[in-house]
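You will see chain A twice below: alongside chain B first, and alongside chain C after that.
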Partner chain A sequence: MADLLGFVSAQFLVSVLVYAVIVHVLLAGAGYFTYLERKISAYIQDRVGPNRTGFDLGLPFLGFLKGLWGLGQPLADGIKFMLKEDYTPGKVDKVLFTLAPGIVVIPALIGFAVIPWGGVWDCPSFTIPLLNLHVAGGPVQIAALPVNVGVIYMVAVTSLGVYGITLGGWASNNKYSFLGGLRATAQMLAYELPLGISLLVVLLMVGSLLPMDIIRYQEANGWLLLSQPIAAIIFFIAMLAEANRVPFDNAEAESELVGGYHTEYNSMRFALFFLAEYSHLAVSSAFFVLLFMGGFQLLPFINDPLTATGATGLLAVLAKLGVYFGKVLFMVLVIMLVRWTVPRLRYDQVMSTAWQGLIPLSLVVLIATSVAVFFGLPQGFSHVLLLFGGNLVLFVVLWYVVGRLPAYNPNRKIPLLGSRFYPLPGERVDHAPSDPMAREDRPYEGALPTA
Partner chain B sequence: MLLGVTDPVAYLPLAVILMAAIGFSVMNLVLTRILGPNRAGETKALTYESGMEAVGTARKRFNVRFYLIAMVFLVFDVEVVFLYPWAATFANLEVGSDDRLLWLARILFFLFTTIVAFLYGLRKGVFRFD
Partner chain C sequence: MPYTLRPDQGYDIDVESTRYLESHPDTGDRWTLNFGPQHPATHTTLRLVLELDGERVARCTPHIGYLHSGFEKLGEALDYNQYVTIVSRMNYLSPIANDICWHHAVETLFGIEITPRCKVLRTILAELARIQDHLLCIGAAALDLGAITGFLYGFNPREKIYDIMDFVSGQRYHPDWTRVGGAMQDLPDQGTFQRMVKAFCHEDCLPAIKDIETLVNRNRIFMDRTRGIGVLTRQEAIAWSISGPLARSAGVARDLRKDAPYLCYADNWDGQGAPAVRFQVPVCQDGDVYARFLVRIEEIKQSVRIIDQLIDTIPAGPLNAFTDSKMVKPPKGEVYGSIEGLIQHFELIMSNRGWKPPVAEAYGCQETANGELGYFIVSDGGPRPWRVRTRPPSFINYQVMAKLTEGHMLADIVGILGSLNIVAAELDR
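The block that comes next holds the complex of A and B.
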């Protein structure tokens, strides 16, 4: 028996345990993110939000669990989704229609595996009683998949999410779904590039693909949010777009496309799309924290004994987990506040932001960083000062240069008779409208206005 | 160096993780099929297009811009993938060595070719979506 289980090491057991814990936290968290989102939107829009569903399950002897600020709402929603009819409309592609929500949820549940939530734990040796298996102790990572290609894994898995959405939109055989899926695909492809390039900036500074090394680097040289603010902002924006969040939620723009790619879905298959979306939110926030906010380190430049990478005690691991979860929750809150504050972009604005804005900008930051790395960077606090200053200079120069480039304006003002753009500022009103669109719109109003 | 970071045994948890994730999604799809009611109907089976009867199917030709975006994405994404190994090793080369200069110059040339491709696409209007 002990021979068969030869692959079992302390790291393997800890990895499986960490995955089991995190996946439950994530799924429960995804449920409660919907609650949080509804509460936040309610406070912003001066409503109350969910406030009635408790945990009493309708049973009289559990009456003291009634109400509870609506905390039972996610549970009730989950049960309701599960018990609803799982209906497949007539004209859909039945296999792909069922497969799509299953595919979309898998990357969301495996993407976070490489994140080192609690740093390193000095595991003692122990024996598993029934199998009589002795497991040697040693330092183990509190991560589900502690491999040295961590960052590549993360990029690979998170970009898999696009398949489910594309398939779901196509299989529905509904024009709204199709357009939503098409838009989502193009948008996620476009924003994957600035995401990947700003990630490259981080890798270039750190010089390693191992997530723990990224945290160690930030412990020594300050958070990358401070030394690479432009890359951090690009990563954050691209992250929002990858998660199909407002202001980039054109894939499910309700005023244009009903529900987008999940218009035809119902019951748990619909819920899986939402589960994936909210897990994706938490996972990409966790990646942002890993890459730019120092992972489990409490404050930049202050190496407190509990959350330093060198601390390997059980208490340190718990403290790091707490700090990491706190930071992820903070990022999720920021994203939710963005959702209820910023209006949705038009689709052509979404695409031109990516292709004509973020991608060239991230390329410039990449080239500037590679030149800076070539000359060698100082350590410690001067590192942050130098790079922050460099970013600031780069930003000002780009602001100046880009403002003077010839730009194409997609919101061209057409002088339609009677519209609020007529006459245009600086235009003399002594002729009939010259634009053919204006004539087409009102063919009999060629006469001059008397003003 | 940490235990199990570089050897292939470190990838073993991935099997467990994948099984758990696939199991979760299959379980949900099966359970909701079993637990929910099941009634068919002619009107119920219609495609939902805001209450109107659907005209034709959604399997139609769509705008060629999406195809262009996919093509351009391939160019850029392959480039970004090529840059990962470079980025992970470049910072570890000795400062001031000839290798470092060579690596920088090569990658700047590589990026230059991409920028030329980008500018070509920009002038051709590939990135305009209005």
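The block that comes next holds the complex of A and C.
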């Protein structure tokens, strides 16, 4: 028995436990993110939002659970999604149509595996009673998958979700869905680059792929948000685009493409897309917190005894979990505020933002960082000061230079030569106004009375 | 897709050629998209057949008629007072503007000069209707570009206008308040009305406008999405007979309130030398979606200015132009309480005996939120019009849709359509 279970170690048990806990927190959290989003949008828009769906389920003896600020809304939504008819439109590719939501949701639910939520726990030795299996103690990571490829795994896994979106859009046999899927693919390809390059900036500074090393580095030298602000902002923007959030939600732009890739989906299959979107939100926020906001460290430069990487007690682990979740929630809030504030970019503007803006900018930052790392950087507080100053100078220089580059008008109309509104040169214009008043271009002569 | 708009023979919807489609080889990016009539962005039931080159619109063909309800024909079956219930269903974003315009046309036909009190009330309500329409349009301009918040900022104050209409007429959405020579009833309480209108203007409308301006006016994404999109030049606007904010945003300084003044926009409106209300007509030269947005916002502010000039000095006196009681329905108390009232009510409702319209034609038009709204009435002397023809601004403004969109991207269609502020009920009638 003990031989068969030889793979069981303290790290294995903790990883399984962490994965089970986090995936459930994430599933419930995705539901409550929708509640949070509704409430935030309601407060921004002078509305009330969900405020009367409790947990009473319509049963009289549960009457005391009525109301509760609408906290039962996600549950009610879930029940509704479950109970609705799982309708498949005719002429769709049934296999892919069914498979697509799963392909979307799985990467979103395994992406967070390498995030070290609680740092390192000094696990005591113990024996599992029934199996009579002795487990040796020692330091274990509070992460579902403490592998040494670390952040590479995250980048690899989180971009897989777009396969589901593309396949779902293609399988739906609907032009709007198809266009949404195509847009999602192109957008993912474009924004993977600035995301990866700004990640490279971090890796250059840290010199390791291990999430714990990134956090240790930020503990020693201040958060990378302070020392690499431009890379952090690029990463944040690319993250929004990867998660298909406003202003980059072209894949599901409801005013143009009805619902985009999920136009034809309903009931639980639609709910899976929804779930994946909000899980993706949490995962990318956790990724951002790991890379730029010091992971579970409470405040930069202040090594309080609970959230320092050196602290390995159970209390420290819980405190770190709390801090990490708090930061993730903060990032999710920021993303939601962005969503309810700005309009959507047009699709070609999304592309030109990536290829003409973010990618060159991130390359410049990467080169500058390489040079700085090559010549060596001081440690501690002066490290942050130096790099922040460097970023500022870079920003000002780029602002000056880019402002003087020849401007490109993204909104120019492509003249369709020879169309009914754009006649060929020398061609008779059928639509020329016969009214002489229309031909002359004189300013309005009537004097407008002034106040 | 085996769908083509222009088969080689025998199909005359569009006889003009788009040689771009013929001269440029199809590299596999060409496709046809049926945009509407069931689509969230085609505010009601507009349908556009788009021939796209990738995401670029190579050809846009608007198909209308999905909301055709025979409104014009109904005008021949209803008398001059009853038809007001139909016209207010045309542009349902600002229903009372239709009512006022319809009775303006009828009074032009009858040669009736309405009382100063009626003029002031109609002017105030017409300006409220303009605000009502523009608030929705500028909100929808943000909504169509993905900023849902701006839409709700515009929608909240509209509720207050509905409250005012409810107070004045008893109906929230379709007031049907005007009657020939006056209105269906006087204000229930003038003080309350003044308080409501002033509260709306200064506590709801202007702050909401400020919020929307702060949210999107200088927003880089909003400007990138709207500037240079759907450009209409001044000459084109005149040639296509565009009116309203569309024309003014293209540099045509035409506003019927200035050019053919009526109600309180005309000098000496009360017969004792009162000056016309003072306001300015915003004109923009760019003619793009952004210019239309700005013009509409400025018009709201000017409307508030007009209301401010009138609301404190609503003249006393009769509301209805008819001094004898033959043309006006008696109050309900008289109908139920006296035989004279009952007879008079019966005559007006059942036999239209009071009506003696001239055998004539008349055209009355007003500047409504979307542009020049006019009614051409042909009367044969009977109690009902012989023919009523509407000049709907939506219908005429919608002609430029294809011109504005071709050459732009798919996503711009939504913005352009929103900026034209097409109301399908008015378009199809």
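Throughout what follows, the second predicted complex is superposed on the first by the 411 of 451 C-alpha atoms of A that agree within 3 Å, B and C clash if a C-alpha of one lies under 4 Å from a C-alpha of the other, contacts with A are read in each partner's own complex, and residues count from 1 in each chain.
What we mean here is this: a residue touches a chain if its C-beta (ideal position, glycine included) is under 8 Å from a C-beta of that chain, and two chains touch if they have at least 3 such contacts.
Note that the structure is a prediction, hence the values are computed from the model and not measured.
Once chain A of one complex is fitted onto chain A of the other, the partner contacts of A:Pro129 are absent, as it touches neither chain B nor chain C.
Contacts of A:Asn148 after superposition on the shared chain: chain B is touched, whereas chain C is not. By the touch criterion defined above, A:Lys175 reaches both chain B and chain C.
Contacts of A:Pro406 after superposition: neither chain B nor chain C is touched. Of the two partner chains, chain B is the only one touched by A:Leu210; chain C is not.
When the two structures are aligned on the shared chain, A:Gly58 is found in touch with neither chain B nor chain C. Touch criterion met: A:Leu345 reaches chain C, while chain B stays clear of it. Which of chain B and chain C touches more residues of chain A: that partner is B. Of the two partner chains, chain B is the only one touched by A:Leu109; chain C is not.
Judged by the touch definition given at the top, the superposed model places A:Gln45 against chain C, while chain B stays out of reach. Note: residues 175, 258, 347-348, 410 of chain A belong to the chain B contact set and to the chain C contact set alike, using the contact criterion stated above. Residues 7, 9-12, 15-16, 19-20, 23, 81-87, 89-91, 98, 101-103, 105-106, 109-110, 113, 120, 138-141, 144-148, 151-152, 172-178, 182, 185-186, 189-190, 192-193, 196-197, 200, 203-210, 212, 258, 263-264, 267-269, 271-272, 347-348, 350-352, 355-356, 359-360, 363, 366-367, 370-371, 373-376, 408, 410 of chain A touch chain B in their complex. If you check the complex, the residues on chain C that touch chain A are 16-20, 23, 31, 33, 39-41, 55-56, 58-59, 142-149, 152-153, 156, 215-216, 219, 221-222, 224-225, 227-229, 231, 234-235, 238-239, 251-253, 258-259, 278, 280-281, 283, 305, 402-403, 406-414. Note for the complex: chain A touches chain C at residues 41, 44-47, 175, 179, 246-247, 249-250, 253-256, 258, 340-349, 409-422, 424, 430-433, 435, 437-439, 441, 444, 446, 448-451.
Against chain A, the residues of chain B that register as touching in their complex are 2-6, 9-14, 16-18, 20-22, 24-26, 28-29, 31-33, 35-39, 44-50, 54, 57-60, 62, 66, 69-70, 73, 76-77, 80, 83-84, 87-92, 95-96, 100-101, 104, 107-108, 111, 114-115, 118, 122, 126-130.
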